[in-house]
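Heads up, there are several structures right after this.
First chain A sits with chain B, and in the next complex the same chain sits with chain C.
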Partner chain A sequence: MAEPDEVNGRQRELFIRKSTRVAASYLKRAKALSEMPDAAKPFFDVLENVYIRLTDVQKPEDMKSIGTLCVMVPAELVYAAGAMPVRLCSGSYTAYSVGDDYIPRDACPLVKAVMGFGKMKVLPAFDNCTLLVAPVTCDCKKKLAGVVDSVKNTVPLQVPPLKREDADTEVFLKELYRLIPILEKETGRQVTAKSLAEGINMVGNAQYEMSEFLKYRRHVPALMSGTQILSVMNAYSYMPVKMWAKQMHRLNEEMKLRLVQENFVSRKNQPRILVTGSPIAFPNIKIPLLIEEMGGVFAADETCMGERGLYDPVSVIDPSFDGMMRALASRYTKPCTCPVFVDNSQRIYRIKQMIRENNIQGVIYHVLRGCLVYDYEYQLMEEAMGKMDIPIIRVESDYNEEDVEQLRIRIEAFIELIKLKEYAAVHERQ
Partner chain B sequence: MSDLSDCKKEIADVLKRLLKTMPAYKEVQFFMECVINHYLTGREKNNSDIVVIGSNIPEELVLVEDRMPYWILGGSRVSSMWADDILPRDTDPVSRSGLGYILSGFAGNSLILIPLVSDSTRKLAFILKARGLKVHTLHFPPVKDAQSLLEWRRQYALCRDAVALHLKRPLSKRALQKSREQVLAAKRQIQDFMEVSRDTLGGTGRMFILGSYYCADHLSEWSFQLDCLTEKLRKGHKRQTSEKSKVLLLGSPVYFPNYKVPFLIEEAGLELFWQADYTTLSMQGYTGLEQMREEHEADIFYRNDTSPAYVKNNSLYERIEKLLKEKEIDGVVYHVLKGQIEYDFELGRFEELFEKLDIPVFRLETDYNYQDIEQLRIRLEAFSEVLNQRRYGRFGKETVAV
Partner chain C sequence: MKGRKIGTAVVCAVCAFLIVSPFFAKDFVLYDFHMNVSDYHYAKTQEEKPLSADTAVWFSYGDGGKAVYYGVNEEIQEDRLTVYALTQTGEVSVTRGKEDPIRQDSLGHFIAALPAAELDIDGDGKAEKVYDYARADFGLNAFNPAPQRFLTEEIPFELVFAERKYIMVYYGNEILKDAEVLVTSYNGEQKRCRTDEHGWIQGLTNRDIREGFTAVYPPDGENVYRMHYALEDYPYFSVHFWKAHLPLAVIFALAVIGIMAVYLIRNRMERNNPAYAIYSRERAGVYPGTLHQKTNSKFLFVRWLCLFTGMFLWTYAGRLIHQGQTLNEISIPVFSCPFNLDQVAEVPCYYLSHLPALFGRFGADFPERNMAYAAMFIATTLLSFIFLGRILCGFLCPAGLLQDLMDKLRQALHIRPIVVTDRINRFLQPVKWVWILLFLGFAFTGGDFCDICPLKGFTTAQGGYWTNLYLGGFFAVVILVGSFFIRRFWCIICPMGYLMGLFRRFNLFRLKKDCTSCTECGACYHACPMRIKSIYTEREKENIQTVDCMMCGECIHKCPEDHALSMTFCGKTIYQSSRRTFLSKFSGKKEG
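Up next, the complex of A and B:
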């Protein structure tokens, strides 16, 4: 009988082979969708380095990595403490299947993937994080924070369930203040007004580049494939913000050129689709890929691994330390459209706004199995879309490839439906 | 539209089964009537000022001049079907049942208090608010530390103010203290009942009597009747149950009329020795007056709360550890209602504890439907066999029930 270490070694080998193969295949498919801008290549390189070459995130040697589990952890604060935030929400199917042994069956796959990487210790981007900040948002993340501490030093970050009143933001503010000494202890650097302002500026700069980029994304016909755009946004999790913003600036320049040269990647009449719901984390990009492979344009997304993560900049009114902290607490709760909040009607307004701005013709509502909070909001969304006469479908999926063909048929039918609807509308106008 | 006759039938069926297991004392009658009034007459009258969805709320806030609020615990299979069209497929049956109950036209003018212990409770609060109902939520900071305690006190004060505003009368410190003492007296009574009834009542019967707490109109009357029943039981005949394997029922709470699991446990030849979910534990959580004087009035509840609202449910873990030291338990049935993922997360830690203590644990996943009942019966019977074999090994053949 094989020794436990030997089994473990073989398991690791198998794990690495499978996980890198899946990541490589998705990356290849994403690249092949349409002519990729040259400036997008560094983002793809980052994903390749993290998930295929299994190297650590690219950062200065003396800079520590702090793992985060969702967009509710202020990156500005981590940068102010002299560390780099690495968002560990992963879409790895292989890590998910490992995590399945440690996390209850009905928990969401994202949480299982996090646990899977924690147990396997094959992903340097994960393993080199000296601390994990886990926001207590949904039930799965809440309980994960209590379980994942067996593999990684974890700090739960409490998020209030309400966000309307100032007192609720105050709760989050206190949590952020509580986080500061923990980060300082970890990095050995103090969070000062100056470093915090720098952190806010750095992230703000990235958000500015993002907002510029979104202007190009809205263009009809599309200038770049939506799946490639999502990959660019996913790369934000593993890149120092300054580097990401710099590359994004280059990408914006190239998009500008593409616009001038009318170098489009879609036709004018291709159905434009918005994806909302559970996060789409690399390498689980099967839904955007299917949309584009079936002839749709993945024109916008309202997910936390996509546009939502970099949507609102921190708006500092009072430049004192406390003023900046308040601005952070406010930015990470008030405009957040995560369904963990009791009243999240804002999300519907945001999606309506996105539909108008992006000329959206159909909405795909993505629900990861076990992600109940998003499922709860589907009915409201369905009603709102009905009033706007925008077709919507709910697509439930998991971290495996077994449902791909089923999803393909549904997405293809959905795209056909939008085309027919548009055809009928044009016919009526004529 | 919801059909009340199905609801009535569901309750009648369970009560009929329960009656067969209970001694024919007139003292039991009060508790039966209490439950019938709550689910049928009380529901139809629809005149409660305060409605609480779930049990996880400091009772002194909702006990107004001895009058209990209308508790909706969510144990009805029938009412869970009323919410089928509104809720996602994977929603747990407790939340389904609670929402179905309210949406059947109940609580139009009441203040609905919702303790936010899970994702479902958050989203339920929004659904009800969106339908124009008056809702107040109570948040439990998920990590119990000094800072959380302050936030909890704020939540407590907000809830107190919301109740006072709705009732249009101040909830003074004195009034709260009086209610707290009443609750304390009832809990002391419950502890006494639990000790006495162990040898005289079956586990499901005990569960029913305890559960009727949430059906009472007036707490003092309920306490008095429990006292009468306890005295009667003290004098009554003891049951011959010592040969059966004793099981602890842990995990998702079991609420009336969903007594599928306790009935099955007893039918499998096991003794339902103790129930340790957060609702039952909070009823048995006796806090001495001394502690009450020393601590801030709100803190006691938060410190002792064993609901799954926390990152690490240390309070529950400690209570179970203590319970296992004090009571002789042969096995544990860990009950997980479909969709209540938090309990499944907590199981891992308990499994380690039970393994250390050499206590077999049996995870039982179910919902409010009856399709899985035969499957569960077979599994429980097998578990019962295992426990009996272990007892056989420990005490010898003569003590094992055949």
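Up next, the complex of A and C:
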């Protein structure tokens, strides 16, 4: 019997074939949704490189990759140590099926996919990471941090389950301080006040570009397909932030042009839908695809692989080294709407804010199978949406294509429901 | 190991000294700033007769606060002059002519007298007997509560310094009540003034008292008494000026020692903390200077401008503008000590901390014609409290500026702050209540809040006034050290600020929150110098202005969400947070 972590040649080949096929087909479908802006192409190229051509992430030669397993790892700090953070939360169906052998059945597919990549060793973007930083958030990630350590050196990062008291955020601050020497040992470079400032500036620049972009995204009718936008956001995981910001700048310029030329990709009355819930990581973009293929507009997302990762900027109060560290600790916990926090009522407020800003007409609540923390919050969300008279459905999905048909029917019905509701509203007014 | 022990011992000793020494501050040699009168020299003046002198004899000062000069009209022979001087033993020394009246035990109160002259002053064609005197008060502590009177038979008419803004009149060894005197002002103008029931001359300006005036009293048709009064004024950069600054210098020196002590103690404590261990000395305080931080904020610029203006208005302005005449009856609540007479307007902290005096002075003591003054004083205080409130803290209070400057100094020195966590803040709240109790109640127990007031030493010294500091000197050191590490440390516990915040409901300036736009990022909370947590946790109410909020706008400045926080004036938004403005510093376009 083969050792569990030794994957033989044939299986490996099969794995590669299957996973690249899925990725390629999803990318094709995303591109085909509507006319893609030229400036979005580099982002798609990055995803192609990582998932189809199986090359390493594009980065300067001497830069090491540090894998991160959650958006709560401060990218600024990793850049300050002279490394590039690569977000390894993946949506690969094939990796998921491999990981299934190592992770209990009821655990979430995202965790399994990470473990699968760890075992298969086919994704250079993954394999070239010399270190994984795994925030201890939900139970699945907590145990993953322990298990994945067997394939890759992993540092768990303790995230406080509460955050209202300053003592709670101090816990995270201490964790970040603890992370510094570990990163420094890995990269051989020092985290200095200067490099940390540089990291904050770099990521800040990306955030500036993104917040400009979000203004275009809010436009009705839409200027760019939401699934393509999600892919652009996903590409951030595999691009050095400077490069991403530069491309984003170009994309913004193109968006401006589109706005002037009134080159829209949707009609005015297409239902605008917000997706929230468990992470939607490439290539598992079936839900956004379905929304847009069924005639909805994927207008906003409140998921950690989408907007959330880059949305909140660091607000440095005292520009000392310690002050910057505090600002990081605060930024990566306080505004974070991740349901692993005991009290997460702020997520509902955030969604209300997004509904208002993006003219949302319906909410799709995505739950990955086994993702308990998000499932917990559905009740509250449903209540809140009911009060606002915004239709909401909960869709559960797994990392395979078996549930696509069922999802298609439900999403289609949901979109029809919104249309009907709008129609009735218009009639009532008349 | 041994070195460290010695270091710790030294730090402890310094701290102990810091804590103990202010208790003896009054007798502490550095705080003894009375001028020694025997160091003055006495000579005939070389200058012209001052406009204020209506008499044939007068006194003046010079030589940077080291000389007292006498002058007599040319036609009068000097040896007819008699100079009386008070001494420490209570006896009056008498000298004649050019003879130097300054003795080892002189107190700095001289009266020069000339024999009566026959002059027709009132122009009725009949000559009256005119008695000319000149009085000098110098080298003294201007806040000496006991009036320095001669009350000798030879000088039946006498002007006595009663209170910092009042001069009282004695005639025939009795207080001259409700009488009319003719006053020649510092600029030569003449006016008719009345004395009140205390014998205090009404209608004298600060400048009259400071630069000299003459009071003329004709008790009957035959005699006229004239006295020129010259209190020693303290010009800039005179000995007095430097002496007045001495307490401040001592306070600052002690503060430096205190800051160093805190700095060292913190480093020591953190050496045992694994999280900070390697950073406590090497990196934690390092300011990179390359962080993109500046977002131009007109609002904050205006705030700094106002603060500096406030500092000017509450220190020198009275002397430099408006002819030394301050708006005595208008009171604007900031924490700046009114023992400085050069404040442009009155400050209510004295009466608020001496409520019995308030009732006493304005109620029973004050004669009716002062009710207008009292009404104006109380009305302006209340109006400021109600309509302006703590925006005065954020924009005008000199004590606030002082603390903001300490904070800037800390940044310049690359020392990181002490972060006030909610735990520390909860501990500070009772401290605030103690101060409020002391502020309002100490006077009722017979105490004097001014003796423990930490702000007595600052603006007074800057204005060039001497003060006795008592325990206040100690607290002054504490708040300097505190505000170095914690921005607006004193404001967190300031009783005056608290009172100003009570009427926030009626303030014209309001702080508002649009809860639907807030992401609970906490930036506002961390930026708030007053550590107000509710601005970040509030999710329902629009009105988030707490009693502590001083409308400084820092929270708005650091908030990254569009219109989540805003400040309004009469319901109109004047400043609000904006994501674009916040992030534009990272846009890479402009820098600087």
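Observations
Simple rule for what comes next: the second predicted complex is superposed on the first by the 423 of 430 C-alpha atoms of A that agree within 3 Å, B and C clash if a C-alpha of one lies under 4 Å from a C-alpha of the other, contacts with A are read in each partner's own complex, and residues count from 1 in each chain.
Throughout what follows, a residue touches a chain if its C-beta (ideal position, glycine included) is under 8 Å from a C-beta of that chain, and two chains touch if they have at least 3 such contacts.
Keep in mind the model is a prediction, meaning the values are calculated, not measured.
Residue contacts after overlaying the shared chain place A:R331 against chain C, while chain B stays out of touching range.
Of the two partner chains placed around the shared chain by superposition, neither chain B nor chain C is touched by A:S25.
In the superposed model, A:A193 lies in contact with chain C only, and not with chain B. Applying the stated contact rule after C-alpha superposition, one finds that A:Q207 touches chain C and leaves chain B untouched. In the superposition on chain A, A:N269 makes contact with neither chain B nor chain C. In the superposition on chain A, A:Q346 contacts chain C only, with no contact to chain B. With both structures placed on the common chain, the touch criterion links A:K174 to chain B and to chain C.
For the contact definition in use here, the residues of chain A common to its chain B contact set and its chain C contact set are 167, 174, 178.
In the complex of the two chains, the chain A residues touching chain C come out as 164-167, 169-170, 173-174, 177-178, 180-181, 192-194, 196-198, 200-201, 204-205, 207-208, 211, 311-313, 315-324, 326-327, 330-331, 334-335, 345-346, 349-350, 352-353, 356. Interface of chain B with chain A (complex): residues 86-91, 116, 118-120, 122-123, 125-127, 129-130, 137, 139, 141-143, 147-148, 151, 154, 308, 310-312, 338-339, 341-342, 344-348. Every residue of chain A that touches chain B in the complex is listed here, in rising order: 102-107, 136, 138-140, 142-147, 156, 158, 160-162, 167, 171, 174-175, 178, 339-344, 370, 372-373, 375-380. For chain C in complex with chain A, the touching residues are 274-276, 278-279, 283-293, 411, 414, 416-417, 419, 421-423, 515-523, 526-527, 536-537, 539, 558-560, 579-580, 582-588.
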